[in-house]
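Paired with chain B in one complex and with chain C in the other, chain A is shared by the two complexes that follow.
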Partner chain A sequence: MTAILGQMSILERKPGALDGAPEWFNESREAGWKQFLELPMPGRKHEQWRFASLKELDFAEVGIPPISKADGHHGAVGMEVRSARFGFVNDTLVEEESNLPEGVICLPLDRALAEHSDLVREHFMKQEATLGSAKFVALHRANVANGMFIYVPKGVVVEAPIEVFHWLEGEDIVSFPHTLVVAGENSQVTVVDYFQSDSKAKGSWAIAVNDLVAEQGAQLTYLALQDLCEEARMIQVNNTLVGKDATAKAFVLNTGAAWARQESLSKLGGSGSHSDMLSVSIGRDGQEYDQRTFQHHASPYSYSDLLYKNTLYDKSRTVFSGVILVDEEAHYTDAYQTCRNLMMSGDAEANSMPGLEINADQVKCSHGSTSSSIDESELFYLKARGISPREARQLIAQGFSVEAISRLKNPALETLVLSFAAREFDRIVESVS
Partner chain B sequence: MSEAVQTLDADTKSAIDIDREKGDFRYPENHKYDAGSGLSSATIDYICDVKGDKDWVREFRHRALKVFEGKPMPTHWATKDLENIDFDKIRYYLSDGAKPKRTWDEVPDDVKETFERLGIPEQERAFLAGVEAQFDSEAAYSNVKEELSKEGVIFVNSNEGLNEYADIFRPYFGKVIPTGDNKFSALNSAVFSGGSFIYVPKGVKVKHPLQAYFRINSENFGQFERTLIICDEGAELTYMEGCTAPKFETATLHSAVVELVALKGAKIQYITVQNWSSNVFNLVTKRGLAMEDAEVRWIDCNIGSRLTMKYPGVVMKGEGARGEVISIALANDGQHQDTGAKMIHAADNTTSNVVSKSISVGEGRSTYRGQVHIPKHLKGCKNNTECDALLINSSSRTDTYPAITVKGNQHATQHEASVSQVSEEMLFYLQQRGLSEAEAMSLAVNGFVNELVREFPMEYSVELKRLIELEMEGSVG
Partner chain C sequence: MSLIVKDLHAGIEGNEIIKGLSLEVPKGEVHAIMGPNGSGKSTLSKVISGHTDYAVKSGSVTLDGEDLLEMEIDERSRAGLFLAFQYPAEVPGVSNANFIRAALQSRLPKGKELDAVAYYKDLYSKMDALGIDRKFTARSVNEGFSGGEKKRNEVLQMMMLDPKYCVMDETDSGLDIDALKVVAQGVNSMRSPDRGFLIITHYQRLLDYIEPDHVHVLAGGKIVRSGGKELALELEARGYDFLKEETLTTA
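== the complex of A and B ==
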């Protein structure tokens, strides 16, 4: 609290209109604030917050930081081969590099609003937040001032990934990272969002919204790598709309933050649509990951597959709540959902609520959820080959995460995620005899 | 599915009609005691006076009424259909004032006829070790075979249990399911009447199952039976209950509380075939307590009712205890079978198993709701949960909402669920061999539940198969 003396809490400070923004955008901010005030704080009675640590939702001392110095820079390291890179520190643009095919719009939100107001308006926060965090999404809508807008026109293929860094700086501050990706008909694009901070972002928050739209036949891959410092918190709401014959692949990695809640909704809105939802979380100390997912099959012949893998050390805790909803008309649907927890400590806790709501016919659906520790015979096998118990446990834990990572089916992205995971495993100190 | 099967052949139709009507009959009401409609502390006093309850029971009921009034409807997670229950219209206590009959000859002819119509064959009746039949609020007939009473088995209704065997039943009464567990357990605690109180002494293994039949005969009547079964160390018991009600114009409420206590090494198996008519709200709380090396098994089949909400649970309190729930649910048009299981591990090396199969037909909806809880100070706990759903028509619906909490790394849990249809190919194959589509469907559905139906005692499993067959044949299309 000493960092920004006398700052006004985000709960009380009404954000005003944004200079230079189009009228509709400022109206949307206004509407967002109104909605934020109207909606109740999540409570014990909210089924969508079952098992959640509600005490984490304390914003009393959290405020908007002063504008970052334009010469500031984030401390993140990204990929070697990329087609664009943008960096934000507390939502202020500090780095920009772009080498994109013609016609692709990849701009910070403020500039996109100035240059492509109608196009942004068409897609900006169009889908309702239905998985519990509507209040915080409204807060985001009221405050969001910057972020990324990426639009890939019909038929354009962006080979290398677009990287976006969201860096959090300072104590008790909140930032509102926003990423909107629209992949036009038959286009292809990969976007990687990094959520990171230095070690001093104590009590700080990122309330992020990332919306993905894959139009007919498009192939959209999205990665969110969350590696905030251990005292920061995050709420991330992801809405994905998958059109006819389109493929969306979303991957979430959690290694950082004291508490992170992610709500991912994938709506299969066209026949032949395909959605992969993947996640790897590695918790230690008292870290807590609260993930809620929704696979909404609104069209026939759609396919979705979810695989969430959690490795829990120390006193870490996870909550997984997943729903597969198959609408009445969405016949011939295939939907799968799997959440697996690897318990690495006697103090870890895993909560799973895999759910199915099926209203259609000719549907193939399944879900599975398991929680278990490492099999002694696997350890014995490795130890018998001269591998130390500590190394053996780590190898098995890494191998456990790899199942989800390898579904990215892209060597560069897999290497990137593995490097984050490896760094996390190095931080883990296990007392194993 | 093809149009052809929607028009059933006359034979099938008549077969179905007969069976559906079986429970749909009623006798003239002849009640000496009637607590009237609505619920207040005066209703409670009326019930206490009629039953001659002791002071502690009266206090227990009054306290429960307060809890019931203070609790909101659980509609934040459960179906909004609950709001259609009008507690002021329900009649909470009806009785003709007669004591339960002890021999078959004493049983009034109309009640005998009930048994007849329920299709319990003569030999079976002779074979049953003990039968208690409940008519509205009170037991109409109750009988324990002599040899059982010689061994010390107590099989009485709740009134007798609490008044005459208080030293045995009071220590456990309301302990497995506390009054405040949920709104409906509180309601039952306030107005309960009838039900079975059973005590099986140390080491006694009851060979034949004990049975109870519950029947609602009066319109707007709510049935609130209370069952408490205690199996002392090393004892074994199988208990079966069945229920029916005629179809009334207005909805009826059945809200039971069933508590099982299996002491060290005891085994209790509790079997239910629920076939209430399709306007009964069936909101039941069932839980068992399993001590060291004890086993509690719930075998539960839900075919009737408008809305069933029932999640049998086992609290495994002693090391090596075992809990199991086997559940079959069939939801037809206008029905919602919201069933599941609750497994609370509270000791080391406890294991639990849940197998649930549901079938949704027409516009029916079936829901599986489960809870598995393994706290961290324990080790060696295991849970296996499987739930499979079968959807017959395109307007059928099924939901699954399990919640699994595991703390610590010395446990193993697994949960699998699947949803499927009867494949076109399978139907085609069977039809090609001369079966009608309805018969083929029926065969496939029976195949789906066969592995669980086998868990029921023989006479029930035959009945069950037939019931499922008939329910199916009427609705395929």
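== the complex of A and C ==
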């Protein structure tokens, strides 16, 4: 597919109302467009865009694609054991399979709006985007037409993961993947979002929003696997709200795209809440991953642990900016934040900006960021067993990510992520003497 | 067919540590090198295995006639050399099973895949023989292993890779007596007319369990005395100090 001649840029095209959508939703779209026009584009002076490559934010040629006629997506095979899977090509539903326990609502957003309007409304884009991309979240709000709405009622356990594939098809197009997951009291659910494309998606964008709500005692696991083609770009804004005694685990993998930015906010909103924020990024060529995180402890006895691991080849680049905020009343908080970079090339660049703001007593907090190259004694050990230098470096680099992946504590999910990582390592051609 | 070190001069950062060392380990024999701290024992193992921190000034090391010093580290291993490390590295995130598998795979011709079923069968039987719990296959290489577990893991790799010559660098250090016995048993089970051993050790203790054919004493970067297994006992009884006296009297 080639670019649509004379298509109107996403920056200028007012989306308008969506046929069949409830009134509140169309009002929300309208408000989103208004907000988008009001907010400035990120600039050099925006602290939240420090070190960012602003030149990547070029939407002049980017437009909404026509409704896809595709009969399927070409994404990953996915998981063998799953509860449901949905596939979208440019936000058009192309695949649907569901084997969920009774009471679980797992529907494409357009259908959820028709059938469960009030429930969607109660949770839809309720949290403000505060980590820099408010303008793009507004653009998403104005344009979003589809996505997934997943609601797990009280006490229901969804054993196997729900998979959602978002496929980008075509040049210079933009899609607005949306995932809203509400895990009710003491429920359990795992959702995997795949963001993929082939090389035809040159100049294309995914501007994704995913909101996660873990109500009291719930266990919510969310994975975003970003493996877009090397000429596509992505912004993903992730808001997680963790209730009393609930556990949220979010994992982001970056292997694809020219540039991807993820903003992840986790709000520990109930006492005893627990949040794991995990990420693995493997950059090569000129790929760039820009990650901004916020661990907001708003309740006592809350726990958060962030571990981001980046492996950087060639001239790839990362920006990590992480803030831990502990509110005045959030006593007995444990908050940890670690970002580690493995520099596989002298030309790669890692920027880290950890931040800490503690307003309560009785708090255990730590943050740390390191960048190092491969350990020579490990390399020697592997080579002394006959493993070639190239293979030895690859094994060690792959092993570096495992610390974060193993925190998923679920063999099937770990295998899935490792398979994406392994594919990425196969694409890496290092010249090693 | 031997591992031959000839008039080797080598060191690190300009300091010559090995000063004219010559040694021949024929296949089928077990040679022990004993020596006090700082005599050059570990340097010898590093130089033979090709550690790039160490520079060879002159001399040669050959494996069945092949020039080892011309080979890269990994090539030496594939040529049949095995170094059991004194301090094996920990490799986070790389499972022990994948590590050994990669080492075996590297010995196969390009395009040929290791038979995974046969590999695990072989691995498990050797782990059983060494008393290594099977959960160690999934654990990261040496990460969080005790001293004894690390050394057993070295012997496991040695058994799996089936080398022609084994250089064991202070394998007994940090081992309790039970672990020492297991390690020695592993080594003894590998003794064969097709394999040579060079066992580097500070103490005679290991040689109670692995009986050497020859014992060499390393001091000041060269072999100062060679003899049979009784030499080890003599060293144990008299300490390394008598070497100094002897050197003095013969000087």
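Keep this in mind: the second predicted complex is superposed on the first by the 426 of 433 C-alpha atoms of A that agree within 3 Å, B and C clash if a C-alpha of one lies under 4 Å from a C-alpha of the other, contacts with A are read in each partner's own complex, and residues count from 1 in each chain.
What we mean here is this: contacts are C-beta pairs under 8 Å (C-beta built on N, C-alpha and C of every residue); 3 or more make two chains touch, one makes a residue touch a chain.
These figures come from a predicted structure and were not determined experimentally.
Contact with chain C, but none with chain B, is seen for A:403 once the two complexes are overlaid on the shared chain.
In the superposed model, A:377 makes contact with chain C only, not with chain B. In the superposition on chain A, A:122 contacts neither chain B nor chain C.
Once chain A of one complex is fitted onto chain A of the other, the partner contacts of A:159 are absent, as it touches neither chain B nor chain C. In the superposition on chain A, A:285 contacts neither chain B nor chain C.
By the touch criterion defined above, A:198 lies against neither chain B nor chain C after alignment on the C-alpha atoms of chain A. Of the two partners chain B and chain C, more chain A residues are in touch with B.
Residues 76-77, 376, 389, 391, 393-421 of chain B touch chain A in their complex.
The touching residues of chain C, when paired with chain A in their complex, are 49-52, 72-74, 76-78, 83, 85, 88-94, 98-100, 102-103, 106-107, 140-141, 157, 161. Residue ranges of chain A in contact with chain B, taken from their complex: 45-47, 50-51, 328, 331, 341, 343-373.
Chain A contributes residues 375, 377-378, 380-389, 391-392, 395-396, 398-403, 406 to its touches with chain C in the complex.
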